[in-house]
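Right, one structure below, let's go through it.
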Amino acid sequence: MAIRAAAAAVRSIQEGTDARMERLGRAMLRARLLEEKLGSLYRAGRIVGGVYLGRGQEALSGAGGVALRKGDIFAPLIRDMAGRLAFGEPMEDALRAYLGSRLGPMKGRDGNIHRGDLSRGILPMISHLGAMVSTLAGVLMAKRMKGEKRKVGLTCAGDGATSTGSFHEGLNLAAVERLPLVVVVADNGYAYSTPNERQFACADLVDRARGYGVQGHSVDGTDPWVCAEVLQGAVDRARGGEGPQLVVGKLLRLCGHGEHDDGLYVDSKIQRSERGRDCVQVMESEMKKRGSGKEWQSWRAEAQAEVEAAVIKVSAEPVPDPFEEDWSATKSGSEAEESGSS
Amino acid sequence: MAIRAAAAAVRSIQEGTDARMERLGRAMLRARLLEEKLGSLYRAGRIVGGVYLGRGQEALSGAGGVALRKGDIFAPLIRDMAGRLAFGEPMEDALRAYLGSRLGPMKGRDGNIHRGDLSRGILPMISHLGAMVSTLAGVLMAKRMKGEKRKVGLTCAGDGATSTGSFHEGLNLAAVERLPLVVVVADNGYAYSTPNERQFACADLVDRARGYGVQGHSVDGTDPWVCAEVLQGAVDRARGGEGPQLVVGKLLRLCGHGEHDDGLYVDSKIQRSERGRDCVQVMESEMKKRGSGKEWQSWRAEAQAEVEAAVIKVSAEPVPDPFEEDWSATKSGSEAEESGSS
Amino acid sequence: MSVTYLDAIRSAQEKALASDPTVFIYGQDVGRFGGAFKATKNLAERFPGRVIDSPISEDAMVGMAVGAAMEGMRPIVEMQFADFSTVGLNQMLNHAATTYWRTGRTCPMVLRLPSGGTPGSGPFHSQSMEAIYSHYPGIVVMTPATVEDAYTMLLEAVEMPDPVVFCEHKLLYYHLKSDHLPESAVPALRAQVVRAGRDVTCVTYSAMVHEAVAAAKELVEEGYEVEVVDLRTVKPLDTDTILASVARTGRLLAVGESWPWGGASAEVVARVAAEGFELLDAPPKRLNAKDTPIPYHPNLWAAHRPTAVRIAAALREVLRY
Amino acid sequence: MSVTYLDAIRSAQEKALASDPTVFIYGQDVGRFGGAFKATKNLAERFPGRVIDSPISEDAMVGMAVGAAMEGMRPIVEMQFADFSTVGLNQMLNHAATTYWRTGRTCPMVLRLPSGGTPGSGPFHSQSMEAIYSHYPGIVVMTPATVEDAYTMLLEAVEMPDPVVFCEHKLLYYHLKSDHLPESAVPALRAQVVRAGRDVTCVTYSAMVHEAVAAAKELVEEGYEVEVVDLRTVKPLDTDTILASVARTGRLLAVGESWPWGGASAEVVARVAAEGFELLDAPPKRLNAKDTPIPYHPNLWAAHRPTAVRIAAALREVLRY
């Protein structure tokens, strides 16, 4: 098994790495720049509620999005702007959620990270951590029953989310059903302010894989090349019928839990360690080292232009109007009202 | 660590095995005979609701009860008559729960397996599987905060219960707090009718120990001597500050899920395998082999007499009277009523 | 032929599986074993791969159904007992129920809850949870009282575009019988006058309908005609039918097997008081279970829940005002 | 000095920790970080080992507290948002709440729920869950509306022998201020007339008390005197105080920020209709949030919840009957 996988990895490195790394690098940059813009909009008071960024986690998240194909399903969590953009969420939809545009898939009814569009293969998350694992498993069960083959589901979680009963039940169910599900845990050392040692007692969260009877993979979440390779491997294995895959990436959240949080509780020793590296900088300097600095600069410029255009566009979009709103939480309710029989 | 434990095991075998095995053997017999009586009472229509037996699981369950000391806490589950009796639950209390006696700790308000008496160190279970793990962890946290040292908590679960979010959250919490908690999983191959392969995908549930960062122990649940030794070892380690212990025993439920269930879904191959041995018979024949057949017979006779006396006694006890009942679910509610201000 | 309430539920599921390939059943022991109450007996054999045993993971069971429903399937999830649905509640209240309004995508699934008290079933195998599910927006909550309704309403539940909580009453499973399954159906979202009367309206649902009818019969001897309204579905509530009945009788008793604080009976009384105030000739009254856990011992249980005797007493109070 | 509603909650916890060694606090990020809303700021430093960070495990958090409470401690559990308590609900409804009646042993614990809507907080960070907790027997549910009540009721909650759900309103955390913490307390289980009036009674609780008072002020100009009753605790409900007020005014509006089906407002109206029917000169009315998830966009949110303007409009309807 291990040998076959390694061979597959080498082959894929030869064939598609450059294109894949370009997709990843671009997604990382687009996410980073869009999120920086979201931070400014928040500080300018243009976003109500909260802003939750994935700074420092773009490589791991983006690699998940890059590893998927059209027709696959992505169930992102809080810090997955890069994965979303890589998988095909339009920047506009991210902005629409935050700015409450009526034209976004959430129509201003839900906002910020609680967004998605299943017609694009992206499940809209609910806040309750761990909940999306079983939901994604359900999508995959449905696809299996409908006879749709070789479709993979990938979902993300933090170290903290692994403590939820939902996470456990969902992953166990997926393992029993041997579903093509990849669960990516971004272990950034903290859940809000709570450090790993108050969250779990195992040496490494990847140690849980065996207990679920699934394959486990560790990855340095600060290294885009390693992330791309490991995530692609996990997705391929899931697609190949090897059942759920648990990928655990180590990295650091290079921002607060939300933009209201200064994150001062993070241990400065970890910040200065390898784990505290900024994956975007890692990629930039490696690109420069490889003589591709210019390419990187052009990706960045294009991303910046895209962000600016998207902000201008979405800022001009209408916000919801309570008087035009359909206040029916059920479809049968709406129908009843339409037919005048409420 | 392993060496120290082995040495301790040898020492305890030399010093206290015989007494311990007598306690275990007696508990197993008392449980078996009491449960057979409960079955008859049920079939005779004297018990309303259901009857849930632990036939075949007496060695593992009883060994847990035997390994504990006064001052420890036991949180039994469905099939733990042997553990309860070994730890000190009076037979009468078991019967009172089933027959709804007003004099039992549950006063007819709750019944059958949903019984306990914290003044004896036994937590009354709620039905929701997995729920008692965190509750017992809470008792142990309280004891630690109150400065009560070297008190162990032991709780039981089935293979099916390990799939609950509660089980996961509770064990993880206990591991983070490094509590002196022993979790005994009786893997009897089935959860009601559902076989292991529809419940989990790992090779062995003990593989989960590492993912929780706790020590794991496998045990042949049909062998009373092995059960006694492994359970005592786990309890001693917990008491010694080594944190939570996960014990997984393999065995078979030699009865239906409840007495209404014929259990025909159980694979006859497993029934004929080692796993399907009856631990009570195993102990009986081993005792005979060792020349202690008479002793065994006397234990059995004493147990039988105890069962009969208890049934006569409890059958004569009053049942609850709705007109005398205090129908206040809160203590402040009762107090308000007492002071006439409802 | 004689069909029980449980047969009706089994038959409805069989029909749904046969007529719609997107329907499947998921739950503990629902497969070969046929479920704890045998509501899915033989269905796994007849529909291979579509009647699936789940692990003991209520949260994941419901979460799975949400995902499958969003992806175009129509899952039916069986809880072994309604009481255990508390551990799957979040996926129902915050995921299934919010999906349509938040995302515009429907989430057509049915959560079957074996509900209500039976002798000796105690605090954790007796609960009626309709109040919890009805309080949150986005869920239809059905509480059938008859063999016919168990059948036709479950079929309608499976076809609805919304998540439906289907509260079956365990006490009716085996005892309640009918001659045959119905050919036609009263729409599930409509309440129904199951016994006409001019003196007082008794609004109730599920097993209590039978207690109410028994109470009504008792009161005939005293010269009273009690109109019994079966809500059938408690969310949304068919206020029109209730008000029309109160308009006829001028008096109201609302009965629920669940606890008193804020359940269906409070909702009924609050609506009638607000929207039908002038129709009332006497104070509306409520009768519910006592506000404690549901007792194990049959003596206590019989005193804890509303019964025909207690309903008759409450009706007399309303009548004699 | 000026004390916010949040300060009051923090101070009450500080006082409880200082005066009772069995009190401890458990929750996500409550330790050194001081909690998501800073309700436990500096408490971990002052009370080492007694303000404890939990994993993200609401079920186990509540379950742990149940065990600790049964063993003689008085845990305070903080949920990061009320909305997440759905995943800890089972331990509260089926374990904490049943323990006293089932076993005779008390389970004195407090579950703190940061509740209610704020602009932009959306479907999963805005919920008011008092109806869910109140429906099940065995729990006291407090919903303080003022700085003073936040302080004295939390202290009383910690001292109670029963499990208490303490619904704090996030909208009041920072904005609501008082000069100082109170010396004496109105008993937590009593409702209170917070504004006297002779024309109509507006019964409400939590943040809606302030909206109701604002509406009452608005109606002064129109010549109406609105009496505002703050329930303070919604389970058990202080029916006497409500009825006494309705006896004075003859009219009732019950307002809740939660959803319309079966919440506190239904319970209030149902009780008044049943027990105070003859006191009413007009149909009692209810006002609640709309029956959809709580919207993210402030425009929608403002239309979704009851506000002073909408309360005033509802009061006018009741008054003009």
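What to note about this one:
The chains carry the letters A, B, C and D, assigned in the order they are written, with residues numbered from 1 in each.
Simple rule for what comes next: a residue touches a chain if its C-beta (ideal position, glycine included) is under 8 Å from a C-beta of that chain, and two chains touch if they have at least 3 such contacts.
Computed from a predicted structure; not experimentally measured.
Among the remaining chains, those touching subunit A as well as subunit D are B, C.
Set against the Cα centre of subunit D, the chain with the most distant centre is B. Between the Cα centres of subunit A and subunit C there is a gap of 40 Å. If you average the CA atoms of subunit C and of subunit D, the two centres end up 30 Å from each other.
Distance between subunit A and subunit B, defined via averaged C-alpha coordinates, is recorded as 44 Å. Residue positions of subunit A touching 2 or more other chains: 106, 109-110, 114, 126-128, 163-166, 169, 172-173, 176, 198-200, 328-329.
Each of the following residues of subunit C touches two or more other chains: 54-55, 57-60, 83, 86-87, 90, 94, 97-98, 101-102, 123-124, 137-138, 290-293. Taken as a contact graph, with one node per protein chain and an edge wherever two chains touch, the assembly is complete, since every chain touches every other chain.
In the complex of the two chains, the subunit A residues touching subunit B come out as 163-169, 172-173, 175-176, 178, 197-203, 205, 207-214, 243. Against subunit B, the residues of subunit D that register as touching in their complex are 24, 49-50, 54-55, 57-73, 75, 87, 90-91, 94-95, 97-106, 137-140, 160-162, 189, 236. Residue ranges on subunit A touching subunit D, taken from their complex, read 47-50, 100, 106, 108-112, 114, 126-129, 160-161, 163-166, 191-194, 198-200, 265, 319-323, 325, 327-329. On the subunit C side of its complex with subunit B, the touching residues are 28-29, 31-33, 36, 53-60, 81, 83-84, 86-87, 119-125, 290-293, 295-300, 302-304.
On subunit B, the positions that touch subunit D within their shared complex are 105-107, 109-110, 114, 116-118, 123-124, 126-128, 131-143, 145-146, 165-166, 169-170, 172-173, 176, 328-333, 336.
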